[in-house]
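What follows are several structures.
Common to both upcoming complexes is subunit A, partnered first by subunit B, then by subunit C.
Let's look at the complex of A and B:
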C-alpha cells in the first residue's frame, strides 16, 4: 500500500466538540480510517508533533490577533487546510457577541480593561488563511468528515450541499416546525446534517450557515407572520450561528 | 537534591483546551512554579443576554464539546428554576439516565485515551493500536457505546437536541431503551470489566502524592449525586457542610489571582477540589456495590487525598454509572415512556440557579429572564475554574518533593503534566478565562 495520508488537528476559539466527534465514530470506522490516514499531530489526544502534514483539520474561530501567526504556520505546513465546524467556517456561536460592544465589561467587570483580555470579533479562519474545504455544522457532521477525507484520499473533489435544510426535512417526512406553532431557520440554512433538530422537535438554528443565496427577507417575514415574533426578535434570530452572514447581507 | 530545573510546557497535550506549565528552579531555589491558562476567552454570559429561554441551553451547550450534555442540562434546570417550571418524574428519570451516559462517555475518553498513555510510557493512544490492539478496540467500543447511550436520550451527545426547558422535545421508545439495556449488560459490561482488569494491573503506576484539601460535590439524599441535589463541602477531617444551590456564590467565591490569568475559586481552605475524586470522597456510601468492590480492588477508600487517583475514581464511576443505567432503564421500561407536553413558565424576573455534576466536577449556571422570556443575565461557573487554585497548590507541594527525591527535569515535567491531566481539565469551558502573554 502507498504511504498513508498524514493528518494534523488544531483548535482555536471553540469548544473542541468537533474533535470529540472524531472519537465517536466507533471501532470499525475509526480503525478503518487509520488504514488510510495517520494522525501526526493532535494536541487534544497526543503528545507527538509534526513539521509537515497533508491535511490540517482546523477547529475554532479566529478571535484574537495573537492566533494569526499560529494559523499562518499551519497553512505553511499543510498541503490542504480543512475548516472543521461552525466556529472555523463562519465564526460559529462565538460570533453571537459580534453585534455587542460591552462583552468584556459584562463578563470581567472592572477588570475588563486589562490588556490581556483583548478579544475581537469572532471570524472564520478564512479571514486569515486560505481554506481549501469547509465542513460546516455545530458540531460538524462526522460522516461528512469521513466522506471528505475519503474523497481526498481517492483524488476526488468533495462536495458540500448547497440546498436548504427544508429539503432534508421533507425527505425524512418531518412535520414543519411552523405547522406545530414553533419557528425555524431551515429555509435559509445549509443542509447536509440530515436535519436532526426538527426531527427531534426543536427548530433549525442554522448552525451550518446560510445557503449561497438565502432569501433572508422572507425568513424575518415568516418569523413575524407565522411564528408571532416581535420585529426585534425576528431581526435578532439569526445572530446565533449566522451573525457573520448577516453582516454581509446588510 | 535536584538544583536546577527549567520547564516550559507550552500548550500541554492530551487535555481539553490550552494550558501551560512553567517551572524555574535556580540553584535549589524555586523561582517559579505555575500552572497558566492561555485559552481564548469566549464571553458566553454576555452572549446569552437578549436570547429567548428556549435558546439559552443551546447556546451554553457550546461552552464545552465534551460536557455539552451537562451544560445543556444545568442551563435547562436553571431556566426552569427561574421560570417556575416543575418537570415530570419521567423527565427527571430520563435526564438522570442521560447524565450517567455523559459521565461514562467522558471518563472513558479521559482514563483510557488521555491518561493511560502516561501509565504505559507512550506519548499517545496511537502507538497502543499496534501494541495493545484489543484494549484500544474495547476502549473505542466503550466510547461509541457511551455516545449511543447518550444520543438515544439527548438526540446526540455533542450539543444535544431533545433536552429543553419544560421536559423533552422528543423521547426514546421503550423498545429502544430495552435494546440499550440489553447491550449495557451483554456488550458494554464485559468490555468494561476487561478494561478494568488492565487499569487494575496499572494501578501501581499512579504516583504516590497526598495533599489535604477541601472536596466539593453535589450531594443527593437518595443517590450518588449527579443530576440534582445540594452542594456538599467535605473537609480533610471528615466534617461536611450542606449548602443550597441558590447560595453557590458563597462556595465559589471567584477571584482573580495576581499570579494567574484564570479566575480562581476558594471556600474554607486555600483551594478546593471538584471532580470524580470529590464525588467519591463525599458520597462513597451511595456508590453501587460493584463500584465499591472495584474501588477496593484499586486500593481506594475515602477520604483519598491522592490527586492522581482522580482518574481511578473516574473508572470506579464508570462501573457505577453502567449499573445505575441498567436500573434506570428497567424502571423506564416498567412504567412505559409517554410523550409529555412541555411544562410552560409560571413566573419571571427572579434569578434561577442550578447545579449538576459534569465529568470534571460541580457546575453552576444561573439566569434571569424578563416577561417575554428573554434572558437578562447569566452566570456560569465551570469545574475546571474551581480546580485551578487546587492544581497550583498541588504543584507547590509536589515540586519540592520531587526536587528532594533527586528527580531529573524530564521526570519532574512528566509528573507535573500527569498531575494536570489527573484533573481532566476542560479548559475551553472558558467562560471566565483570561488570556496572557507569556515570558519566553
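Let's look at the complex of A and C:
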C-alpha cells in the first residue's frame, strides 16, 4: 500500500461522544483501519496538529460566530469533509434551544451570563462549509463510519440510507409503537441505525434526521389521530434532533 | 394423499423430537403479535396465531442474505442450505411461497432461493384465528395452495395431518400417528371451510375484472394522489408482504481492500430511493420520484402486472400491509373496491 490516507478529527458544539465512539471501535476494527489511514490531528488521542489532511471528521454543531473561521480553515486544509453525528449533520440535540429564549437561565441559573454561553442558533456545519458526506446519528454509528472511510479509501461511493426507520423495524419484526398505543417518528426519520430504540420500547426521535422527503403533514395527522397528541404538540413534535429540518419545512 | 391423526400430547412429543433432529421454523408470540422463529421448545409454538409480522419466506430468503464471498479474483458462493422444517404456515402464505417458487424459477433462475427452498419441508396448518384485516377468502379464488408437503388441521383432541409429499410421509414415521377417522376428516374439512367465511374484509369483484379496471386506472393521476396523500413511503407494506420479492445488492468490502462479500437485502418499491439509478459521473435519475407513482406501482404489481405469470393476482389476502400501515392507506381491499366503484 502506498501512502496512508491522512485523517484529522475536530469538535464544535457537542458532547464529543462521537469522537469517543471512534475510540470505542475495538482494537480489531480500529487497527485494521489504521493500516490504511493515519490520524494527523485528533484532540482526544494526540497532541500533534496538521497543515493538511485528506479527510476531516467534524463533530458538533455550528452555534457561535467565532467558530466560522475555524470551520473555513478545516475546509481549506481538507480534501474531504465528513460531518460526524447528529450535531454536525443537523444541529443535533443542541438545536432544542433554537426555539427557546430562556434556556440559559433554566439550565445555568445565576451563571447564565457566562461568556461562553453566548451563542446563536445551533446549525449543521453545512451552514458554513461544503460537506462531502454526512454520518448522521446520536451518536454516529461507528460501523457506518468505518464503512464510509473504508469505501473512500478504496474508491467506492459510500451509501447512506435515505429511507425511513420503519424498514428496519419491520426487518427485525419489532411490534410498531403505534400498535402498542404509543407514538413514533420512525416514518419520517432516516434509517441506518438498525432501529434499536423501538425494539427496546422507545419511540424513534429521529436522531439521524429526516429522510429527504418526509411527509410531515401525515406525521402530524397520525400523532393526533393515533397517538392522541394535541394539534400543537403534534406540530412541534420534531424538535429534539430535527428542529432545523422542521424549520426548513415551514 | 393420506389423512392421519395425532393426539395433542403425541403432537407435542413429535415436535420436541423434530426440534432435536432438524431446524424447525414456526410461529411464536412476539408481544401482541407473532413471528416465525427457530423453535426452541414446543411450549413456544403458537399454531393458534392469526398472522405473523413478517411472512415465512424469510426462512428461505432472509431479510439480509450473503450471496458470494470474494477475495482478489476468487469468488465463492455463500449458499449453505441446511434441511429445515417450516411448520405452521397458513394456506395464504403457502400460496405466496408457491408464487415465489414460480417467479424465481422463470428466466434467470435464482439459485439462492431454489437452494434454500429445496431444503425446506413445509408443514402448513389451518387458520385457527382470522386476523382483523384478512381478505384471503375473496382474493385470487382460482389459485390453489400448493407446494407444501403436509397440512395440519386442529380438531378435537389433536390434529388431522394430511401427508401430501413423501417428505411428509417420512415425518409421519417419526411420530405416533394413526389413520384419521371419517369424522375427524370431516371436522377438519369443516374447520377449513369455516374460516373462509370469517374474513373481515372482502374484495367484491373477480380477479379478471379487477385486473382490467385497475390497469385502466393507471392514468388517473388525481386518484393516485388522493390514495397516497398520507403515504410516508416507509415501505412497511412491501417489507411485510409475502409476495414482494425485490432486493437490493451491495458489496461490503473488508478493511484489507481486496476481500469482502456481496449481500442482498429486501427492498421495497414504495421507498423513495428504490427507482434511483446511476447515470454515471455521480449523476442519478429517479424514475418514480413522486410518491403517488410509487403507490400506484405497488397496486399495479399486486393486481395486474404479474397476473399472467401467476394465473392470478400477486396478493394472497393476508392483510399484513393493511395492518402495518400507520396511516392505514395501504389496504388493497379499500383501494381496489374504490377503483372498481369509481
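We take it that the second predicted complex is superposed on the first by the 236 of 250 C-alpha atoms of A that agree within 3 Å, B and C clash if a C-alpha of one lies under 4 Å from a C-alpha of the other, contacts with A are read in each partner's own complex, and residues count from 1 in each chain.
Criterion: a residue touches a chain if its C-beta (ideal position, glycine included) is under 8 Å from a C-beta of that chain, and two chains touch if they have at least 3 such contacts.
Just so it is clear, the model here is predicted, and its values are computed rather than measured.
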Overlay on subunit A: subunit C relative to subunit B, clash or fit: fit
Subunit B versus subunit C as contact partner of A:63, first or second or both or neither: first
Contacts of A:32 with subunit B and subunit C, given as first, second, both or neither: second
Which of subunit B and subunit C A:23 touches, first, second, both or neither: first
Subunit B versus subunit C as contact partner of A:47, first or second or both or neither: first
Touched partner set for A:14, first subunit B, second subunit C, both or neither: first
Which superposed partner A:163 touches (first subunit B, second subunit C, both, neither): second
Which partner reaches more residues of subunit A (counting touched residues only), subunit B or subunit C: B
CA minimum distance (subunit B, subunit C), superposed complexes, angstrom: 11
Overlap of the subunit B and subunit C footprints on subunit A, listed as residue numbers: none
Subunit A-facing residues of subunit C, complex: 30-33, 35, 52-54, 63-64, 229-236, 239-240, 250-253, 255-257, 266, 268, 271-273, 282, 291, 324, 326-327
Footprint of subunit B on subunit A - complex, ascending: 11-21, 23-27, 30-31, 34, 39, 42-48, 60, 63-64, 66-67, 92-94, 96-97, 100, 102-104, 106-108, 111, 114, 116-119, 138-139, 196-197, 200-202, 205, 230, 233, 236, 240
Residues of subunit B defined as touching subunit A within the complex: 11, 13-17, 40-43, 45-47, 49-52, 55, 58-59, 62-66, 68, 109, 113-114, 117, 123-126, 129, 137, 140-141, 143-144, 147, 155-159, 161-162, 164, 168-170, 256, 261, 372, 374, 428-429, 431-432, 434-437
Footprint of subunit C on subunit A - complex, ascending: 29, 32-33, 35-36, 146-147, 150-151, 153-154, 156-157, 159, 161-164, 166-167, 170-173, 175-176, 178-180, 186-188, 211-215, 217-219, 221-222, 226
